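The same subunit A turns up in both complexes below, where it pairs with subunit B and then with subunit C.
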Partner chain A sequence: MFSGWNWVACGFYLVLNICSPDASGGLVQSCGHIIPESPVLPLGSNFTALCILNESCLDFGNIYANQIIWKIKNRVVPKEQYREINRTVSSVTFNDTSSLGTPLTCNILADGQIEQNIYGITVTVGLAPEKPKNLSCIVHQVSRLTYHMTCTWDPGRHTFLDTEFRLRYCWPEDIFPDCIPKGVNNSCTFYDVHFFVNTEIWVEATNALGKAESDPLVLDPVDIVKPLSPQNLSVISEVLPTVLKLSWENWISHTVIRLKFNIRYRISGDTNWIEVPSEDTASQRTSFSVQGLRPYTEYVFSIRCMKQDGVGYWSDWSEEKSGITTEDKPSKGPSIWRIIDVLQSPASWTVHLLWKALKPFEANGVILQYEVTVRDKSSLSNPLKKYNVTSTNHTLQLPNGTYEVTVIARNSAGASPPSVLLIPASNSKAPVKDLRALPKHDKLWVGWTAPNSYVLKYVIEWCMMSSSSDCIIEWQIAPGDVQGIDLKGIKPFKCYLITVYPLYADGQGSGQSVKAYLKQDRPSKGPIVQTKKVGKAEAVLTWNHLTVDEQNGFIRNYTIVYKTIDGNETVVTVDPSKTEYTLSPLTSDTLYTVRMMASTDNGSRSGPDFTFTTQKFGKGEIEAIVVPVCLAFLLIVLLGVLFCFNKRDL
Partner chain B sequence: LRQRQRGPHRPPSPGPGPHRDTGLSPHTGVVPFVALLLLQRRPVAGRALLVTGSGCPGHGLCRSNVQEQTRRQVAVLNATAQELFSLYLKCQGEPFSSETDKLCNPAGIFFPAFRVNRTSERKEVMVAMYKLFAFLNASLGNITRDQEELNPMAKELLERLHNTTKTTRGLISNLTCLLCKNYNIFQVDVRYGDSSKGKSAFKKKQQGCQVLRKYVQVIGQAARVLLPHLSPS
Partner chain C sequence: MAAADSPSTALRRRDLCSRGIRLAGKMRADVIDLLDAYVERQGLDASASVAAVEGVPLAAVERWDEQTGTQRLLENLAAYRAFRTLLAQMLEEQREQLGEADAGLGRALAAVLLQVSAFTYHLEELLRLESRGIPGEEEDGPPPPPRLSIFEQKLRGLGVLRELAQWAVRSTRDLRQLAKPSSATGTAPGLTESP
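Now for the complex of A and B:
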């Protein structure tokens, strides 16, 4: 109410008055008051305050209402807003409280033109609460027997005042204690929830400027329950390999709420959930058998529940639980192929039988062994040979002939259907035509034209060629009605040898092969050229082909570049199949520098430079000069001797 | 009466005691103004009643689903009664666990008669139910108060007593609604049993045991009688 300076002044004047009661210019303490005291005003409204001087104040002389100065936060209010009601009362009016600050003080200019504070009030400006909207409630099941009801609402505009919100609820004849939010103004939780009684819930907002109530919600709390998710979910393997049985515990009594469920499952490692049709789980239960699953597969399950009539909220999904279906016999036999090694003896083969391990959804369990039978079709008297193998290959020594090989995969539930491969004595049937291999994004596409006869299936072999390691064959089966296949796992810049065999019901066609690259690059090295023979005007160059590891692509040509020290370069293109080339005509007795470049579709690489000097004389030239000279010299010597002998005889 | 009637703010239950309550609410001894108005509408014996229900307190909350709600409440009480009694016995310890028949014989206490069957008039059944559950509500209050003193650590028992009391309280509200709305009955004489206040610990335990044992018997009977009267038509 009084500023610090005013306390000192008032204290001083008090002392003065006590000590000298007749002194003029006396106290203004308790000289008046303002009404209303500490008002709370609606924002934007108008407001008038009155400063009322006490009669006793007037005895101090020359203190009248027209001397009153109104201030807001020590800023003088313009006099136009004042009105002198009478000798002792002054009013001040504000047309818009939006700009009204605090405190509002009533001051007076006393004798000596000293401004004295008479009274002060705090003014609070704000808004009445808006009607709370969008009231909604949910009952959370917290434990088996405990439920909490949380309601939320939109509190409306900021009021700039302390506004109290109360959540109220009642029955037809009972009112329950209000819920008063703590720390927030838009939510509150009741910890004592009653089911099966129609309950009215509403929000009251109250501040110094008024009160507002939301529209009431009328509901039975049992209709807004979010139950706890089913607990202790367990997954049990059944006898049938396509069924898993789930069982769980409901933590909400069926006498309180009858439940319906959603069950979802996925294959372990997969992210996509599959849901059991909701109509199958639309009733109160504690177990369910999920059917139509894959054998020997791990599934992950999760379950949620809500009130059976669909009124309320779904619980959260339960903790996930896994289970594995039991094994079933394999659904198909493995794909079989063979690699025949005839190098040692044409009459005796080393036959490497190969088969593919079944995919999990075909194996339906752990494959314990493969049963291989080999029947000699060229001689029915030969007994059937049987082998039990745990790997995916088997090597046999067989005499040249026609054989029928059968492979069965067996797991603990049973055996697969047999897979059959006919190995004829010779591949005399028609081969495929127009075999080609083209890169297709990150795969190598192999295509062919089918032979005229009916083909059961095709076997595609491929291997990566390398000068430093064996060409290890990989293979794949394609159905008889396709004429192309993509090969995966092909590395760039590597040469692959691809062979396609058509398999018929009664034989096999010969293999057609093609080489291919998924992606080519320039060679990693250039050819090393050297001279095989150098003459006066020619030189024979020789080089070795690049190894397949160095090529990085199909070599399209070689380029020879040669020149003298001060001469121009000469470029010659050579067929990639060649390993020799003769340079001519060359200048004799001249130093030449030569290098070779190998080129693929994706670039070239040069080898090291090689220098050689052509000969001064051609072949036989020296003999052609020396022999006649020697003969001429001999002739001259003979003639000389003969002359001398003739001269002596005379 | 205002369109949206909140009802008077009522003080908490004054606690059980052997007193008669002439109003439908067991919570106060003062007949509310509304009930005074309703008293003026007491039907003349033998004259057909115009049952509108609009003069009943909180009639806006007294909806057509009240019958189904009442049925569910009785079903819940019936389903949980035996468990409550068994847990009560376990928590009282000896000799109550082993001499249940001797100590918990309800012959020694007052319990409202429930002399209705499936063929009784629906109104009679509702009134009998009201008397039963008003009594039970008060008795459960006694038992809960005693167990909070005698077995404060028996959290599950106290929780079950609390839940049963809550359901009973809700049932009374629904029965009040049904009686007033359907039969214009706003006054039912209710008699309560003896209070256990001031009795020894053993007597308190025994009285609770006797009441709960009788409750188990009667609630089953009430469920059998009530369900045909309150099944969805």
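Now for the complex of A and C:
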């Protein structure tokens, strides 16, 4: 048993050691130590540590190796892992360092069951570095004369230890300073790059458990260059309206690499790029003329470059630059049509000439004016009339006749081919047949059967019918070889009047019309019904047709619903062309309620209720009762008077 | 008579010549830029004529077209080895004179020195391909020149850079000649031309 007195002596001894000037280093001398000191161990390996007691500590009495307790942090290592080597040395073995924590301490259970720490070590567990893989490098041109080479690699598994990576490169006869990554473990940049010499590059990874080297990369840095994109791109309009000339500066010296280029362009506002064939730009240059462009169109250009032999990397696309091609004369004349008013006088027309503005790719510039020529074909002696117009319509007063109208569009580069419209005195030629109009998704498809004769083109007119505004005509031209077109911009629930005219070389066919809806709905209002005349057993109902704005579709029928207060409803269907209907037979002297419903293909809407009372007596009934009654009374009076006279006589 | 080249040897020679020509081209461009900076930093007159400097190999040669390929390579090798020593000396003198005050000039000189080293390596490889031994660099070397004044050092530096630019042009011509398929290093060109 370790007596209390011995403990006091031990403590006193310790204090003396601390205070004694002869104590080594001024610290308490430990009773033992552990070897190895602060080891670094491979994960999953086995490990044995030894705790060696100092002889001096044995003097405290009853302190032996078999009293040693090993601990990892505060957890006691199982005794099965201990081995007593001798009186002063105890070992502990771990078969798998994965379970080993830190610190590992050697403790003694002295007499009195008091545990005291003798020594401790920190244990670090980790992995040797894996061979770095996938080493690749690229030389970025940073400025005109400066190149940086950045290499990246796959550092491999996490080692749980401080692992140093170094990127090394050398020539066959020269070694250069290593590149040490900062803050990362998978890339590094050299700021001094030399071309035209085969350079060997590799990565070394080192930590306390070992070293690994990647496979070397052997290359000439000139073969992995990503140049700066061409600078100061400018776009110049040329005399030809289909050509724009590009010029730029190459910022990489031709002594380093000779370049090839990619040029791409798009119409301003469009997102699709078109590329100039690469074989046309496969050599060192500072300018290029792009051909085959549209006149008077803004194009956006961008250019990139790389080493001419295709070894290396493309530069980034340059900053975009725009240019506009010069104008060209319009490629075609405008489509022409006419609306003729004959209301004022059949012998004199008000002719509204209309034409469509050319699309940009047809106009090839800004249209400055339209030149309209009207020739009276029915009288060659009449002079040609010419008009210069800046709008897309022109109104003329013309006597009834046959006219040939020509319209030319003119811009600063020249005039379009002429467009010609023949206005015959009458539309006597064959019209189209089987005209129909059907909804087709969001468009209205208009179809017809062509006449037997050859048609140059068709003109399709359409307008939205409304009770509150004029039917403003829109029109479109279709080629002579089609038999249907789609009309766009048609509103749902609105009635459109569509007319198709065939135009021939020598005349015009009469217009065929059809009404159509893109989409129908139930009417917005129901018909307002009232009585025109009410009898004893019948009533004549009358109503007005719904306006076209109220219909929202073709009215297929009217439905009349009438009933008495306590009677059943009676339903009658009426043709949509009617505006009157007679209800019979009805019960006399009875209150009826009636309402009307208008129906389209997409629903119905009822109008307000109307009440009426049938008459008690029919027409002439009262007379038929009163007159005989009066006559009978008269007869009775007469008979009475005669009887009285007869009696007096007697 | 040189033995017929194997395909791999011919390919390697062509590759070395091609890269050597490009390196010579870049070197010349860099030396021209360096010359401008050197003249300005050292306070010299750009048009100053410099007498032939002792130890600086001259690029001009008589009867250039009669030289064999091996002769060209050996002359180039000797010249660039000399330039390597001269440039290293210039670099040291420049650091002593200007110290860190003109690190840009020092970096440019060091870059040209590296290019000269690289070119020397190309020449040694070409000679190895010809199965020629590489002449060793003279260990003793010529006796060190007498210590020059600072001004004389600057003038000598000017002469070195000018002559190096000339050599870059000559080396390009030499390598182009060497790269020709009909060129065999052991015979002078013109004697083996087929009709």
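To be clear about the criterion, the second predicted complex is superposed on the first by the 595 of 650 C-alpha atoms of A that agree within 3 Å, B and C clash if a C-alpha of one lies under 4 Å from a C-alpha of the other, contacts with A are read in each partner's own complex, and residues count from 1 in each chain.
One rule holds for everything that comes next: a contact is a pair of C-beta atoms (placed from the backbone, for glycine too) under 8 Å apart; a residue touches a chain by one contact, two chains touch by 3 or more.
Being a predicted model, the structure only gives us computed values, none of them experimental.
Asks: Please tell me, clash or fit, for subunit B and subunit C sharing subunit A in the overlay.
Replies: clash
Asks: Which partner does A:173 reach: the first (subunit B), the second (subunit C), both, or neither?
Replies: So A:173 meets both subunit B and subunit C here.
Asks: Could you tell me if A:85 is touching subunit B, subunit C, both of them or neither one (first, second, both, neither)?
Replies: neither
Asks: So, A:482: does it touch subunit B (first), subunit C (second), both, or neither?
Replies: A:482 contacts neither subunit B nor subunit C.
Asks: May I ask you to name which of subunit B and subunit C touches more residues of subunit A?
Replies: Of subunit B and subunit C, the partner in contact with more residues of subunit A is B.
Asks: Which partner chains sit in contact with A:255 here, subunit B, subunit C, both or neither? Use first/second/both/neither.
Replies: A:255 sits against subunit B and subunit C alike.
Asks: Looking at A:635, would you say it contacts subunit B, subunit C, both, or neither? Reply first, second, both or neither.
Replies: The answer is neither, since A:635 touches no partner chain.
Asks: Following superposition on chain A, which residues of subunit A contact subunit B and also contact subunit C?
Replies: 171-174, 192, 194-197, 220, 222, 253, 255-256
Asks: Under the definition above, what is the set of subunit A residues touching subunit C in their complex?
Replies: 171-174, 192, 194-197, 220, 222, 253, 255-256
Asks: Quick check: in the complex, which residue numbers of subunit B touch subunit A?
Replies: 4, 6-10, 24-25, 27, 56-63, 65-66, 69-70, 72-73, 75-76, 78-80, 159-160, 163, 166-167, 169-171, 173-174, 176-177
Asks: Please output the residues of subunit A touching subunit B within their complex, sorted ascending.
Replies: My answer: residues 145-146, 168, 170-175, 192, 194-200, 216, 218, 220, 222, 253, 255-256.
Asks: Note which residues of subunit C are touching subunit A in the complex, please.
Replies: Residues 19-20, 22-23, 25-26, 28-29, 111, 114-115, 117-118, 121-122, 125.
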